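All chains are identified by letter, namely A, B, C and D, in their written order; residue positions are counted from 1 within each chain.
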Amino acid sequence: MQAFETSLRVRYSETDQMGVVYHSNYLIWMEVGRIEWCRARAVNYREMEADGVLLAVVEAGCRYLAPARYDDEISIRTNIASANRRMVRFEYEIRCGRRLLATGFTRHLFLNRELRPTPLPARYQELFAIGATAS
Amino acid sequence: MQAFETSLRVRYSETDQMGVVYHSNYLIWMEVGRIEWCRARAVNYREMEADGVLLAVVEAGCRYLAPARYDDEISIRTNIASANRRMVRFEYEIRCGRRLLATGFTRHLFLNRELRPTPLPARYQELFAIGATAS
Amino acid sequence: MQAFETSLRVRYSETDQMGVVYHSNYLIWMEVGRIEWCRARAVNYREMEADGVLLAVVEAGCRYLAPARYDDEISIRTNIASANRRMVRFEYEIRCGRRLLATGFTRHLFLNRELRPTPLPARYQELFAIGATAS
Amino acid sequence: MQAFETSLRVRYSETDQMGVVYHSNYLIWMEVGRIEWCRARAVNYREMEADGVLLAVVEAGCRYLAPARYDDEISIRTNIASANRRMVRFEYEIRCGRRLLATGFTRHLFLNRELRPTPLPARYQELFAIGATAS
């Protein structure tokens, strides 16, 4: 399972009066990393949702090591730490240049359209590298 | 048609590195004013949406006169400037204490569940003071 | 050290297309809880910052148990789990009525105006129940 | 004065429970357009702020013609409608593919570090195409 790296530029609206990025925005950036990770593996999350498979966040965490600042070019390295037919855990490294700003994770349940937990359909298992034995 | 006043406190996340509230947040505050205006008239907008009547913003504007700052207690005075069965225009005055910080407006179309424009059902016309002649 | 409870109402802007509150907003709600916890103990965080004492988030985590929805009245119960002159850890329980929606924590370093770690000045130690032996 | 076009992808966090982008986000996108407009003309707004020249929004408006949706690739065409040493007015067209989603404007005052209105220093007048006669 390969990591995938995407980048974005810090928006003015993401800063706070301390002069740095407000901490909840890192969770939004992790979402950007996650979606682009899917896209890099030829899965469009929008279509996946339209297909009735939703990824609901059940846990998130972030350690903030150094502040991001307005106009910084941020890179987000996204990887899957573990996955099975019910759950997936993504991990993230957020950098500005070579400087590590934050590390984080999100844990997700697979839901159906009614927002009920549901095993991941077989057609998406390859995306998350879930083998036959893992199901 | 009476104006209605509601209040909120500026959140840290709403500030930017200029040390004042980032300007897009005023549109969110206007939404708070609008919803509370409805509630004060005994209409719960959540139930109105569940009932298939949605208010879609088609235009918004704001003039910023003085900055709001973190922890300020903000009051939002909301009124209807005009309404008919297709559209409603709200106007807002945003203050900190007696100091006027901003004035704004939003214009809305009534939509049905399919997000198509639809005349406002009779049961909601009183809320917006739309008379028989206005329909 | 007593817990403190504050409440807020879910804004439309806080929802996402899944029809529930987007998960990063819970971190903003924790900030609201934290600030009101301070206020309940007669400390205005705005003045504390003006006084050169800043609380910088160095870690945050949240477990999402049930979704919050638009217009829900949310209560946030905030407490201090531990504190010393360098750091403080807040814990939160987020509820809608009696239903527990999420639990979370934030860990903070005390910084000075130059955003450098600095021991908490004595005049604020009582706020965080830091005793003489803890310094 | 040439228009400049930049693009971004709609984030999940920018949608609301109506299934479309929440309207205040368009103001944030306009900011992205404005900053990239500056960058395309070799001016880094971060450095301009560090240099003591701030652009404060004094008015903003937006007309919403068609909804933006999650994962849409949005283009923002930014132009200057008028400028003098005290003020500048930007105009924006927001599109998804060839479809016009919204038009908007922002009007800004030039401020100094103390957030007081100040005439734009000569070294930045070329950026905004302010001629000798306009000063």
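Simple rule for what comes next: contacts are C-beta pairs under 8 Å (C-beta built on N, C-alpha and C of every residue); 3 or more make two chains touch, one makes a residue touch a chain.
None of the values given here were measured: they were computed from a predicted structure.
Most remote chain with respect to chain D, judged by CA-atom centres, is C. Of the two chain pairs shown, C-D and A-C, the one joined by more C-beta contacts is A-C. Between chain B and chain C the centroid-to-centroid distance comes to 29 Å (mean Cα coordinates, whole Å). Averaged C-alpha coordinates put the centre of chain A at 24 Å from the centre of chain C.
Separating the centre of chain C from that of chain D, both taken as means of CA atoms, is a distance of 34 Å.
Across the assembly, chain C contributes 12-13, 18-20, 24, 28, 70 as residues in contact with two or more other chains. Those residues of chain C lying in contact with chain A across their complex are 18-20, 23-25, 27-28, 54, 56-65, 67, 115. Partner chain B is touched in their complex by these residues of chain C: 11-13, 28, 31-32, 35, 44-46, 70-71.
Contacts from chain A toward chain B in the complex involve residues 12-13, 15-20, 22, 24, 70.
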